[in-house]
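First subunit A sits with subunit B, and in the next complex the same chain sits with subunit C.
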Partner chain A sequence: MSVARFWRETPRRYNLGGSKCTTCGTVYFPPRSVCPECTSHRQSIEKMVPFQLSGDGEVLSYTVVHDAAEGFEMQVPYVVALVQTVEGPVLTGQVVNIEPDGVRIGLKVRATFRKLREEGKAGVIHYGYKFAPAEDPPVRPPAGRPAGVPVSEAPARDRAPA
Partner chain B sequence: MEAGIVSYGAYVPRYRITPTEIGRVWGADGEGMGQGLNVHRKSVPAPDEDTITISTEALRTALVRGAIDPQQIGALYVGSESHPYAVKPTATVVAQAVGATPNLTAADFEFACKAGTAAIQTCLGLVGAGMIRYGVAIGTDTSQGAPGDALEYSASAGGAAFVVGRERVICRVLRTLSYTTDTPDFWRREGQKYPSHGGRFTGEPAYFRHVTECARRTMEASGTSPKDYRHVVFHQPNGKFPQRVGKQLGFSDDQMRYGLVTPYIGNTYSGAALIGLANVLDHAGPGERILMVGYGSGAGSDAFDLETTDELGRYDASFGRPVQEYLDQGVEISYAVYAKFRGKIHMGEA
Partner chain C sequence: MRDVAVLGVGQTRFGELWDRSFREIGIEAGLQALVDAKLSSAQLGGLYLGNMASGSLLDQEQIAPLILDYAGLARRHLPAVRVEGGGASGALALHAGYLAVASGLYDYVVVGGAEKLTDVPDATANQITSATADHEWEVVFGATLPALWALIARRHMHLYGTTREQLASVAVQAHAMGAKNPNAHYRNKLTLEQVVGAGPVAEPLGVFDCAPLSDGAAAVVLGPLETARQHTDTPIRIAASQVACDTMAVQHRTDLTSLASTQEAGRRAFAQARRAPADVQVAEIHDAYTISALLSLEDLGFVEKGQAGPAFAAGEFGPGGRVTVNPSGGLKAQGRPFGAVGVAQVVELVRQLRGEAKDRQVAGAKFALAQDVGGTGATSVVTLLERAN
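Let's turn to the complex of A and B:
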């Protein structure tokens, strides 16, 4: 994708910038300049205003991708879902911060900001929205001591700080 | 009203790896290394996370918690030593992603691990002078140690964002003082993937001298002693150095309790002291005095004499995760998955 093309889509990809019809209230993502819901499309002309989605929604349906799209090889298997946003539009997006077997229809999700792809090692890096569970996903507690408890002095061994 | 902290947010990626697992691969005593460093696990970013995404998550949390209109942000600085671009500011992407553009000044800061605290000082100056309404200072890193190097056992990823302003201040900044010298304890030359360090030289003449001097001079200027502080936060390249410097200065384990997060998430470099401060604020009540001393190799320390206000009692930190959850939770991965996530596996040319 060319640098200019992605840059033009930045408001959508970074901030879920859609549009809203001030005549009937329907929200669109990606943004539309005319409202197909209004009985006469002409009614909505010049009455569409920019509208930013909150990023909150729930999984309407999903699939687990094992054969990665280019640039996503490191993330296999990953989840791509149709997300029903609270404002109305249904978005397609990757669901991260959860294992594939933890995803279910109806899972509450929230938009998160992630790296989408890189144009090789020297090219531009594209960022945008993905989705993550809105509530804490079940996770295995890691090994080690419980957090927030001071750890007593162990034998000193200097290592490099930064 | 003076400039102070009006909101904050932290973010730590969800994956974790233990020193034992790292040592297993390199034939080293990983468990002993972890105990020596007082690091039980470190965070690992997912392949689609970097300093820009972590900074954005932390700042979005801070803006929602403080109910701050991003258009009122007049300055946004991101301190890191792992900016995704060598040329193209991290701060521009973060500013766009939170809706703060275009009426603001933005820049990336770099001073090893104290770039985030330096950014807070800059924001205090701009807000205090009345030039801007809100200033944002972020400290984030996704640093790496060379495979098998001592740094690999601790170098992790995470960040925290602080919003500086004059209205609804939850934590006053009573004083900030810095101590800076030319000390080559740790560096990374242009174009090099992994940093180099002076081994034991990074201890006494670097970390300990700067942190101790900076803390002592700050308390001297404020007319305080360790007993005047409820909490203390030090830069924490591992879990050991801050404990030792705290004892040297006369602070107790209880005062360091919430400010020490590295044992559970590793060394987040520019994020380390700031995530520690975020955890302290998560647990603190109004009217508690806090001393924070950052450290960046090269070298310098920034100290902050802080005091929480009554406004902290009204502050709604329910959005986003408290730091404690990042310390308690996480998904453990093997060294092989870690190597894949961190780009340490050669994939061949496409």
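Let's turn to the complex of A and C:
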């Protein structure tokens, strides 16, 4: 994935910036320019406003991945979940800070800022949201860093120490 | 719109065809179908070719004219169109060919489907097939195509009590059917214990819950029903061809355990044919993953939502059951050359309706259904076929 392709989604992937339809009030993540809920789609054009998700939610479903997606080979086995956020949207993301055996449907989780994957040793490092048990202190994206500039190491470990 | 019939069918073996090129298998299937339809290439109006990813798999685009060229038809300057819809590419091409003949624009068309997945390493092929999910909001976060189906499976188990063994029964039946199909990628039988005990891919799905990466091609010749008897004694009428779409990402579905695109394509198809699921004797459905077969059966209306697991495990969709599902072995055993699948489903059903399916023949097959799905259900295509008397 090119730098620009990942960089342009930084506000969403770093900070959970979604959108809200001012006509019907439905919240979307990632942001949409047209509201699928409004009976007349045209009503919602230019009436979608930015909306910040809190990152709080619960696990709707989860899987322990053994055959990794590209760039995730070093993380297996890892948990991917569908997370129902309190604002409404469902997000797909990894669940970390917990052993795979401990993940359950209904587990309360909170978004946390993590390294997602890196494109080889010299490649771009992608950051974004993962989810951790809600009682864990969340990691926030570093303030003031220019969006999309890779940093040399992950802000936190993905797995709890054994 | 005039009635359209399938006049001829052709298919290569599915599997790891190391010694054969994309163009070879594409042409083999197409020529078989032309010969089967007793059609002169001079009568041909065009070619529709279903293919998912020739660009990323083979560094080759414009494959429709390429196949046309190597079929010896370039100098006729026929229109050749590639159609893409992930794993539903083949059935989408069939839909395009159906529309072309039904509209009267062309009298005869060849619809092909072809994919060559083993010319790249498995890991590369898996990345490319995962591109049928939403790359930006699913794959980037660590999801793969089997992982997304596993999320659906876990939720289905949670809501309806579907068991690991019920999922596994889908793969067991597929391999039992595939054992009778000389074109199948896998002709070995599997036991429930083998499926349940296989290595995990994305829990709860294991290796044997997932269809393989296959090479293969299939083709059909379509023409107007009114002149079909000039080509075959057993024309098979396309009673309906319907496409429906849904959100790209699973996370945006209002119901995580339903394929709304399949529900809608099925509803439209049965309405077009003025028939009902109870009229179907034989079906080829999307069993790329054991869970996808269960969802498909529910969403096509063969069984109530949540009840496909126990019904499948009880043999209701096997030989002698209410509908015989995937006599070809399905994607699981016959194989999964993505763009070829939807066309191969119709090839199998035409053979069933003609009574030419040999060991796999479903007794009394008169009305059949094919359902082809792209990704996790962003595209579904439902085709209904009947023997024209």
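Criterion: the second predicted complex is superposed on the first by the 135 of 162 C-alpha atoms of A that agree within 3 Å, B and C clash if a C-alpha of one lies under 4 Å from a C-alpha of the other, contacts with A are read in each partner's own complex, and residues count from 1 in each chain.
One rule holds in what follows: contacts are C-beta pairs under 8 Å (C-beta built on N, C-alpha and C of every residue); 3 or more make two chains touch, one makes a residue touch a chain.
Bear in mind the structure is a predicted one, so any value in this text is a computation, not a measurement.
Of the two partner chains placed by the overlay, only subunit B lies in contact with A:97; subunit C stays clear of it.
Looking at the shared chain after the overlay, A:134 reaches neither subunit B nor subunit C. In the overlay built on the shared chain, the residue A:34 is in contact with neither subunit B nor subunit C. When both complexes are overlaid on chain A, the residue A:80 reaches subunit C alone and has no touch with subunit B. Residue contacts after overlaying the shared chain place A:125 against subunit B, while subunit C stays out of touching range.
In the superposition on chain A, A:15 makes contact with subunit B only, not with subunit C. Shared-chain residue A:61: touches subunit C; no touch with subunit B.
Once the two complexes are laid over each other on the shared chain, residue contacts for A:116 go to subunit B and to subunit C alike.
Taken together, the two structures place residues 75, 116, 130 of subunit A in contact with subunit B in one case and with subunit C in the other. Partner subunit C is touched in their complex by these residues of subunit A: 1, 6, 9, 13, 30, 60-70, 72, 75, 77-78, 80-82, 89-94, 105, 116-117, 126, 128-130. On the side of subunit B, the complex with subunit A involves touching residues 14, 16, 18, 33, 35-38, 40-41, 46-50, 52-53, 56-57, 60, 81, 84-85, 93, 96-97, 99, 112-113, 143, 150-151, 153-155, 185-186, 195, 197-200, 202-203, 206-207, 235, 237-241, 243-244, 253-254, 256-258, 260, 263-264, 267, 269, 295, 297, 321, 324-325, 327-332, 340-341, 347.
Residues of subunit A that touch subunit B in their complex: 10, 14-15, 52, 73-75, 96-97, 99, 112-116, 125, 127, 130, 136, 139-151, 153-162.
Against subunit A, in their complex, subunit C makes its touches with residues 123, 126-127, 130, 136-144, 146-148, 150-152, 154-155, 158, 199-205, 249-252, 256.
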